[in-house]
Amino acid sequence: MGSFAGHAMPGAFVLFLGLWWGLKFSLLHLTQKNKYRESTLTREVQKRLEIVEALIVMTFASVGAVSMQIAGAKLPLYNYTESHWSDLKNWQHCTMFMFFGLAGTVSLIVHVTAAAPLPLDTLMLGLAFLNKGLLISYHIHGRAMVDITLHQLLVLSIYSDALILFLEVFYRGNLVLELMRSTVSILQGTWYWQIGFVLYPPRGPQWDLEDHSNMMFVVMCFSWHLMSAVLCAGLIYGIISCVVCSKRTSPMQVGLLEKKTESEDEVM
Amino acid sequence: MGSFAGHAMPGAFVLFLGLWWGLKFSLLHLTQKNKYRESTLTREVQKRLEIVEALIVMTFASVGAVSMQIAGAKLPLYNYTESHWSDLKNWQHCTMFMFFGLAGTVSLIVHVTAAAPLPLDTLMLGLAFLNKGLLISYHIHGRAMVDITLHQLLVLSIYSDALILFLEVFYRGNLVLELMRSTVSILQGTWYWQIGFVLYPPRGPQWDLEDHSNMMFVVMCFSWHLMSAVLCAGLIYGIISCVVCSKRTSPMQVGLLEKKTESEDEVM
Amino acid sequence: MGSFAGHAMPGAFVLFLGLWWGLKFSLLHLTQKNKYRESTLTREVQKRLEIVEALIVMTFASVGAVSMQIAGAKLPLYNYTESHWSDLKNWQHCTMFMFFGLAGTVSLIVHVTAAAPLPLDTLMLGLAFLNKGLLISYHIHGRAMVDITLHQLLVLSIYSDALILFLEVFYRGNLVLELMRSTVSILQGTWYWQIGFVLYPPRGPQWDLEDHSNMMFVVMCFSWHLMSAVLCAGLIYGIISCVVCSKRTSPMQVGLLEKKTESEDEVM
Amino acid sequence: MGSFAGHAMPGAFVLFLGLWWGLKFSLLHLTQKNKYRESTLTREVQKRLEIVEALIVMTFASVGAVSMQIAGAKLPLYNYTESHWSDLKNWQHCTMFMFFGLAGTVSLIVHVTAAAPLPLDTLMLGLAFLNKGLLISYHIHGRAMVDITLHQLLVLSIYSDALILFLEVFYRGNLVLELMRSTVSILQGTWYWQIGFVLYPPRGPQWDLEDHSNMMFVVMCFSWHLMSAVLCAGLIYGIISCVVCSKRTSPMQVGLLEKKTESEDEVM
């Protein structure tokens, strides 16, 4: 996706997912913890949220895949007259989007029909991220140093997302893992934008992609993005915590120690 | 196995195993979940399936090992008159098959005599895959770029299989792991065929094994194989799910939420 | 931190943390095991210890970050007139300290307000170590062999700390993990000092940083630091064990086997 | 340890440990499973076996460390007159033995006094293997190809041992892990001997350490050692299984299915 827009689009997609997950999991856990609504109602709401999420992922992925087709991913793949692959990059990105589309479809099937085992939705999403990381890591062969560093850090955040999703297959409903997933996705989204700004600066001079101090700045920049993502996810959790608590029917009279034990149980 | 047949044979073996596992685990879990037959009967059936599987693995491995001996793996290994190793490749492949034969034998002992601890069957199969991955990764030293990429991706799928089998030692009977094992084995089987087609094209011109765009196409191809494997395993599960449900003695009256909890329990 | 003091300061910080953790966790577990005080009191003491620890971490991190600012980390980061990054190293170290400050702040919020889930304190501390390891590993690009080895071993101890802290998110209150965290932090602290002594020897001649036998000595040195750290953590646990046991109100009459089972339960 | 004896000695030590562990864990599990003796008696026997094992490890390690001192590890380490490290290799091996001595001492303290938490014995042994692997991996810098491969495979078996021991800290008393530990130690022991035979052949010509086919033979050889180790551990378990069953007071009347469930419980 050799353009600014080509990095901004997937970045916006993942950033949106990260913010959405932060909202969804904070809301679900805090309403459950404070017994704000009845348990059955919350479960029904959760099911609807999952279906909406699956539809959003499918829409995003379809738009991405189709836009890649329009951008030039044509059949046949191999241009026999000139003996080279045509539009390989567009096809690669199209493949990535197709995996997310598949993950969304599986999630929809899981939550609508209940025919498939429940953790398949996180498993397929993890597989989509793993596949994306694999494609990008073979992408960056033989580029400039700063370019490689930028993409290595992107791949790191993608693999972290995949790892967290695979862990969630076994530890479903763990709030800490869910907040980490949200954080890493926000990081990944903003980092896509950062890559766009460094490689295709909208204004100002080009970066020297072989300069060592530029590479060190880029790594430090990743730290700042990570910190911002942590603060962002924390802020979402904090705001929802305040909103949910202020709407509670019964006044908040629970002691400190009791609550502590409760949150401890959530992890065990 | 420097030929098309040399990659097609192990590919067919692993592909068969993957499809078989998909069938077996889908069948066992769905009959158990729907209480289609009594629990004791299912356990007896499971034991017989395991014994049949062990015998199939042993047969395949014996055929492979013997065919490698016929293909030229002769004793003595070292040719003293000409001071070089004779038929080292055939011996390497023979070693791989012997490990699968050992895994089959252990599985047979475990399920027939009940003298050994039950998880030894997955452990030995994991060890056979690990050993295969180790031998192949030292195999590819100093080859062409596309050749190395092809084998790296093969080794990736082999190690994934080994990892899943080792996890199954500790989480025995987890449906998600079992479906992943099936998926990765189908992927590995079709990928063996792909390697054969790329390195020894039955017709048409040879591939340029040092071309960068060929390497990128190969990686994308691996993504497509992965997606096909996922769809294939999903299809098997879906078909068996329909067959089992239509044969149920009692009509299907279970609500959505109840089923959801049930499948959640299977993972925890 | 191209100076002896630049390595001694973070070393002293981590070494202090390691010793503190050794003391804290030994004390908490031994008083709990021997029922020296009532359970509720111990929990209150634990909460206060956590708050004190969070305040200490915040103070250390603030002092570190501010001292880096004084040492030269000025805004703007980029010197446009001379076209280079100004004071990038100071900003990098400042970023590391800021992460520890954030971890301390989160720990304070968790233990004072009980609004956030409890394991967030170890998670954020693990993230701070992970970020530190990441920054240092991109730091050492293109240096001399002994210098690289020294920093690789440092990064190894930092990542071990991060790994142990991430494991503690899921296995909270496991004594073995807590003693390992203490040990690895003591190792990391003394190793910082060792790096300072090797790279900036206060007296005597400079080290030949490309000599192979120097590299091998450095690795062996790391082994000795590890052994000292193990002995140090063991000594702390032993001394507190003696002090707590001698202060017991009831005489120690518990048989060997009973105690063994008890400590076994702590791990399971 | 640039000699045949220098590889044979640690090999014999680890091989002995592997065989001993195979015997010990088979015996303990089979007597427990078959209720051959009363449970309390078995626990007492287990405690004595652990103490004997700790004493054996300490003796071996002391003999090794002292023999290294005699072989030339003298103080001061640094020869100032000639400006080089004297006897660095002997000191490195001495350090390895000292770690095993420390592990033995900790194991003795754990099982005699019951003052320390029980899993410290496997943790320290795992640390001793980890340290040994770390020292050897920095050892092999810049050697011939076959030499590097031989030591890489050795390091692989050492790290596997460390990994299994760290897993045992959390899953104590898991028969499958204990049999794996035994297998990997037997493999490591025989592989030490193999390294000795390849690098310092007692008779016959020297090996060509840069030959590619020699490297491939060495990797295949490792596979065979692994298979032999698996068979050896299986044989020990089988023989003890027969001996214990034939000595049972009550006749063996337990059905197949019942036993199967029992061994399944051991793993869960």
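Remarks
To keep things simple, chains are lettered A, B, C and D as they appear, and every chain counts its residues starting from 1.
Heads up, the rule we're going with is that a residue touches a chain if its C-beta (ideal position, glycine included) is under 8 Å from a C-beta of that chain, and two chains touch if they have at least 3 such contacts.
Here the structure is a predicted model, which means the values were calculated and not measured.
Among the remaining chains, not one touches chain A and also chain B. For the touching copies chain A and chain C, the fraction of interface residue numbers used by both falls below half; the interface is of the different-residue type. Its C-alpha atoms fitted onto chain D, chain B is found rotated by 90°, rounded in steps of 5. In this assembly, A is the chain whose CA centroid lies farthest from the centroid of chain D.
Each chain gets one centre point, the mean of its Cα atoms, and the points for chain A and chain C are 31 Å apart. Here the CA centre of chain A is 43 Å from the CA centre of chain D.
Touching of two or more other chains is recorded for no residue of chain A.
Pairs of chains meeting the touch criterion: A-B, A-C, B-D, C-D. Those residues of chain C that touch chain A in the shared complex are 43, 77, 84-85, 88, 91-92, 95, 98-99, 102, 106, 114-120, 123-124, 127, 131, 134-135, 138-139, 141-142, 169-170, 172.
Here chain C touches chain D in the complex through residues 149, 171, 175-176, 180, 212-217, 219-220, 222-224, 226-227, 230-231, 234, 237-238, 241, 256-257, 259-260, 263-264, 266-268, going by the rule given at the top.
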